Structure formats: C-alpha cells, structure tokens
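Here's the structure, in structure tokens; my notes come after.
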Amino acid sequence: MSKKLAIIATHGSLDAAYPPLILATSALAMDMEAAIFFTFYGLEILKKGNADKLKVAPIANPAMPMPVPNIIGMLPGMTAMATWMMNNWMKKANVAKLSELLEMAQEMGVRLIGCQMTMDVMGIKKEDLIDGIEIGGAATFLEFASEDAIALSF
Amino acid sequence: MSKKLAIIATHGSLDAAYPPLILATSALAMDMEAAIFFTFYGLEILKKGNADKLKVAPIANPAMPMPVPNIIGMLPGMTAMATWMMNNWMKKANVAKLSELLEMAQEMGVRLIGCQMTMDVMGIKKEDLIDGIEIGGAATFLEFASEDAIALSF
Amino acid sequence: MSKKLAIIATHGSLDAAYPPLILATSALAMDMEAAIFFTFYGLEILKKGNADKLKVAPIANPAMPMPVPNIIGMLPGMTAMATWMMNNWMKKANVAKLSELLEMAQEMGVRLIGCQMTMDVMGIKKEDLIDGIEIGGAATFLEFASEDAIALSF
C-alpha cells in the first residue's frame, strides 16, 4: 500500500488548483504523506494573497458547464463572470476556498514545494510566496515520488 | 509488475477524452485492472448521450495539426469545424468513437467512477450519467491507486 | 526506490514541452531510467526541426505571468509575442532550449517513443520525426511503467 501522494501542479487557474489540494488533504486524512510540487503557472497558487484571486478561462474549453461561444467568451468581463460562477457553485456546495484548502494542507503537514527554476525564469522571489513552504527542483520531487508513492500531475 | 491502472480524467474535450479510455482498455487487454475517476469537466464524458458530442477547441492550442490564428479560431463555426475534422481523422484511422470506447471499457470491466463533489458543485444527478458507473470521491480513487498501480491524470 | 520515470506528453505548446524533458533528464542524472511517450499534440515536440518553434498561447490562461485580456490576446501577433517573451525568460535564466534538452535526453538514454495511433490519425510519418526514436503504442508505455516506475502525464 502506497504511503505517499506526490503531485505536480503546473496550472494556475481556479479549476486546475482544486484537484491537487483536494487530493493532498484527502491523502493526509487517510494517514498518507503528501507533497505538491508547484511549477510553471502552478506557482500562482502559492503567491501571497493570490489563491482566492485565481480565475477560470471562459474560452477554449468546450466542456464548460455553461459553454459560451468563444467569440462571446473572449469579451471583457467574461473571465470575471465565469470565475464568479465557479466560486459561487463551490460555495453553495460547501467546498472550501482555495486559501482555506492551502492553510488546511499546511496544518495537516502536506509538503508544499515551489519550483526554483520557475522562480528564476519568472523572477519570483521567496518572499512573494506564502510562508512555510519549501523551495526545490525536479530532484526534490523525484526523490519524494520514488518511494512507494502515487504520482500525479495536473 | 503493476497490476492496476488508476486514471483521473479532469477534462471534457474530445481530444482529452481519448487517452484515458484508450489506456484503460489497453490495460485490460494486458490483464491489468483499471479505474477512471471522472472529475470536473471530465464528468461530461459520462453524461448520457454526450460522449460523441464532445468538442475540440480550435483556439489557445498552437500545437493543433492545422493551426488557425486565434482571431479566426474564435469565430462561430470554428469549434464545430475543428471537431468535425478530428472526428473524421479518427474515423479514417479506424479509431473507435468515444461512445464505443466507453461501452468497451464497461464490458471489459474498467471501473468508471463519477466524482461526487463535482456532481454536487455542478448540480449533476446520477441519472444524468450513463448506467453502470460508480459514484465516489478522492478517497475512492486513492484507495484503488494505492496498491501497486500506475497512476495518471489527464 | 523507483528506478524508472514514465511520462506521457500529450501537449505540444512551448510551456507544456518543458516539464517532461526536464524531469526525464533529471531522472537520468539521478541514475534512474526514463521514457517519454509522445501522443496527440505531444508529437509536435518530436517533429524534425520543430522543438524550438513551439509556441505559447496568450489566451485562455488567466495564470500567465503577464496576463492580457483574451480580447487582446487573440489579436494577430500576440502568440508570437508571448512565445518570444517566454523563450527570452528561459534564456536569461540559462534554461536550455527544447532542442538542446531533446538532444541531451537522447544522449543520456531517455527512451523517446512516438505514438503510432496518433501518427496514423494525423498522417505523420516516421521520417517526419527526429532520428533515433521508437514508435509504439499504449502497451509499450504501460509495459515500461508497470515495473517500479513513477508515472506522470503532461
């Protein structure tokens, strides 16, 4: 039985940020260990005060619950509207906000690892990110993932 | 040797729906077990009568085989055209339709699991989804994936 | 301790091409084996002379480091601009170009596998792809991934 969950988060949209955090906190509740490696756009999730500001793209996703034609979706205001809708659905279903999930993950002991290379590439400093996280690289992730882990990438 | 394939399907576009179903049926043909956990937009694949109606976004993907500028791709009709093209290519290459792959997966014994939380969030009912599937949560997936499995997320 | 890294690359944009190649070369440096299975748009990465021509979509990604409204992002020239910016950031941070990472991966012994089904569907021939790669299917990937591997999909 795997005792670890090793996740890579590469996207920074509202909808893409939920699965890593929900799975990691669920794993801790099942007495597993978990680590999330935030890389590329995924680092947006770790930026101070940013988790609850993440947005949903209303275009290029024909599987949106309420799809709008791309020619409408690209209009100003539509990203805000899609984001408001998704946040509202989450709230109605009693799903925690991303900032709450992040905090819960930290309290439970999920390892949150920011990708050093992405920080170098995008000019992000450690103090731009929330406190209490680690900074690491591909090797940090692979070491954690290489011992009896379920590995997933989002 | 892993005996299980544990897949998370988070996207509901035509192109994103193929890899989970092809890999899962291939695994069964290799005498492995397989489960697919459909969450977020991935639930679109399980909606009754919907598998063959999934679409491809003709924008925001510069790697499309026949790329069109986004300013063209966002025009009405372009999503339908890209979808028609991809379905046509699949057919010419004798690749099964998604509804056929879904049916094959069920007959072979792939576990198809709809995400309870997504159903709550998006107001999807069990009767909206195809028959014979399970409903579960992150724990259902992690339990299956935690014993000697190849885990993948799409 | 896992001795293998098994990756599926399904996307062919500049930003999506980096994680598989960086992780695979990191794995080799850690004395692991690695294989990347390139499928769907991921085959674009393997096309001869194409790795350094991959682009970034400036739309439908609200987590872009310098986000522009979709109505601006879809204008002609914006894809080229976003691509130029990302390539420039990579260069400033001394990150290798994709063609260099591909070459390094081959020299180190990463198995690069093109998806036969995708080639059939999209009419891609073996001679369209870089030399020294394998052609295979879902079974090829699953066999490699099924023995003590970290599996990831991008």
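Quick notes on this structure:
Chains: A, B and C, in written order; residue numbering restarts at 1 for each.
Everything that follows uses one rule, which is that a residue touches a chain if its C-beta (ideal position, glycine included) is under 8 Å from a C-beta of that chain, and two chains touch if they have at least 3 such contacts.
Every value quoted in this text rests on a predicted model; they were computed, and no experiment measured them.
Matching CA atoms, the turn from subunit A to subunit C amounts to 120°, rounded to the nearest 5.
Under half of the residue numbers at the subunit B-subunit C interface are used by both copies of the sequence. Inter-chain centre distance (subunit B to subunit C, centres taken as mean C-alpha positions): 21 Å. Each of the following residues of subunit A touches two or more other chains: 57, 59-61, 73-74, 151-153.
By the touch criterion stated above, subunit C contacts subunit B in their complex at residues 6, 8, 10-14, 39-41, 44, 54-57, 59-61, 73-76, 78-79, 83, 117, 120-123, 137-139, 141-143, 145-147, 149, 151-153. Those residues of subunit C lying in contact with subunit A across their complex are 1-2, 5, 15-16, 18-19, 22-23, 26-27, 29-30, 32, 57, 59-65, 69-71, 73-74, 89-90, 92-93, 95, 150-154.
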